[in-house]
């Protein structure tokens, strides 16, 4: 091929790549705009005050009540519960993996964690119905195990791999000099770990928690199958709850397009989107602090 | 690399006009029946592709409106707002009643109550009674297991009793989950389509008989002769809605439902034939 | 002495946590496989469901999942790789490209149901593709894009710049450099990302709920605009909305077993590629 031909091909393909790149970005941006656009249509019909402070989510035909509060509280309850379980478990496991484990043991355990991450959310939700739910019912002597506690336990299982992996990276990234200095000053292995290494890894640990939190917030199928789906304000962990994601999943199919109910679902999707965006941004901020160590 | 383009071309070529698929969506009460009908239909008419989904009567009608279904299974009748939306789109809707159904109210087998009046039922479901003491010697809280707002069954019970459900009623994903919950919760009460309890005469679930006035005889939803006479308080026709213009497309399936084989399948599923 | 007890406690805390996590995985797999293997047989994989889905097999669900994953990959792979190539090879590092990268990273964290909503609004409604395996595949493709872009970019970054410079110095154009030198070197990394994406797409349920999955179809999906059955949705339906839940519980376990086996085999393949590649460098 002549040089001119090759250069021409090169230019052409550069435009192709550019185009593909821009289309991709455009599509992804389109998600954001579609959400905002459709939720504006909602706020035309329902006042934002009612939306954010209304305590009932009951959209039946014309006299619908669109209060997001019970959904927010439900989501918060289940997610908070899952973090209470997953964060200590995850960070201590990460500490074990990076500080205590023999490298052969580590080579066996890391695939374990990856396998846990690979399990689809439906399978976890399924186990919530057949294994964990009845277990909770027996433990607390209640009739039905489909409640916030069930959801919290299952979500923690889903968030654990994320928290463990990123925490482990964070702990590994703490310079060896920190540990050596501490040991040289007379501290032993444990004091070094808890008083020097972990605090030094704190930004990375927070990043891990934020990303795990984001994962738990966005989970749909697990909570749909396992939490009982009553859209009232929950009073405790043993109440049935319905998260934002479950509400969208349940009601999306039954709405005729372009009705208030339809737009309402986009509105709660926007709220969810913004919350997860905020949490991911926080996580990234802390992850950047972590990367400063690695440089 | 060359395989990629070939795959793509084959894929796009297969996106031809989709005239041979019948999409049936809607009522959870009717979905299992529809599946059984489709299984037999396939044996007779293998050329027609039928896809069936549940999700509730509301979903069926909305899908019909949105164009993502050809037939909407609905266990409630279509309401004025929905009819208006169809007319606004310029495609009026027709219906076909293919079976009658009865809603059974179920409790655990060991709860000491066998029949209940519609007034008591009203008070339970709208939250006035919160425990069983007004009806039974047992002092246990009443746990209601119902459906979600997209369910025709939910809608039917609500309208028939003229109440609003208490927000503390648990909203299960389907009839089957309700039965599971009642089996586990001995102080629960739930409502399901009679087809779900017709063959499960186990001791774990009890179907309550219903009476309206004080001196009426209580009727069971499993009593075919009473259903045929229209005497059960919670009996209802099961509808299939379709756009008037697409009757020819779905006619093979509707004809199958009306045939002897179809009727036999409907009856063996626990539903009652239409009184025509 | 007190100190020794404290150290023991610390040790128990750490190893106990790890043990708990491992135990969780073992319990999950044990429960599903032990109760599912009894349902899995050649019949199960190769037959249609019968008798109102209380007997028979899950063939259409398996085929549906495979078809769906194929469509997802066909659409996500070229766009994702092209976008990553553009960002890494062509675009000059600027404020804009940093913003774009940040957006892509954040889009990876968006809940999958929101992608489902978008797929419903765009593919099913606006583009009038209706509920079909095509709509669902495109939606899952969108879901996979951020992940493919990030992993491809990482694979591309690992190719040393010296190779690019050498090729260019020998007279090749930028595209030829990418085509013949950079991409082949980055291929294992890209492949790993693609296979992990496929594994994730196979297990997703939320995005396909309203874009095309059906409870039951009476034939195999042969055209891209038909509805389809899928393993994760089948599991969901069998365990929550089927008529006789207890009767089909073994079938549900069997479906879960097949789904997890599928996902795990894809992950193992990806793991193997990554392992082989690492030992090469």
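Every chain is named by a letter (A, B and C) in the order it is written, and numbering of its residues begins at 1.
Heads up, the rule we're going with is that contacts are C-beta pairs under 8 Å (C-beta built on N, C-alpha and C of every residue); 3 or more make two chains touch, one makes a residue touch a chain.
As the structure is a prediction and not an experimental result, all values here were calculated from the model.
Relative to subunit C, the most remote chain by averaged C-alpha coordinates is B. Among the inter-chain contacts, the highest number of C-beta pairs connects A-C.
Per-chain CA centroids place subunit B at a distance of 35 Å from subunit C.
Mean C-alpha position of subunit A lies 17 Å from that of subunit C.
Annotation for subunit A: residues 225, 253, 257 touch two or more other chains. Looking at subunit C, residues 78, 125, 240 sit in touch with two or more other chains.
For subunit B, residues that reach two or more other chains under the stated contact definition are 63, 66, 173. Of all residues in subunit A, those touching subunit B in their complex are 56, 58-62, 134, 137, 143-144, 146, 224-225, 228-232, 240, 242, 250-251, 253-257. Subunit C contributes residues 50-53, 70-71, 74, 78, 124-125, 130-132, 134, 213-219, 222-228, 237, 240-246 to its touches with subunit B in the complex.
Subunit A meets subunit C in the complex at residues 6-7, 9-10, 13-14, 16-18, 20-21, 23-25, 27-31, 34-35, 38, 88-90, 92-93, 95-97, 99-101, 109, 111-116, 118-127, 129-131, 157, 160, 164, 188-190, 193-194, 211, 214-215, 217-221, 225, 245, 248-249, 252-253, 257, 265-266, 269, 272-273, 276-277, 279-281, 284. Looking at the complex, you find that subunit B touches subunit C at residues 4, 7-8, 11-12, 14-16, 18, 21, 23, 28, 31-32, 34-36, 38-39, 41-42, 46, 49-54, 63, 66-68, 173-177, 179-180, 195-196, 200, 269. Put simply, subunit C touches subunit A in their complex at residues 6-7, 10-11, 13-18, 20-22, 24-25, 27-28, 31-32, 78-80, 82-83, 85-87, 89-91, 100, 102-107, 109-118, 120-122, 125, 142, 145-146, 149, 173-176, 199, 202-206, 209-210, 232-233, 235-236, 239-240, 249, 252, 256, 259-260, 263-264, 267, 271.
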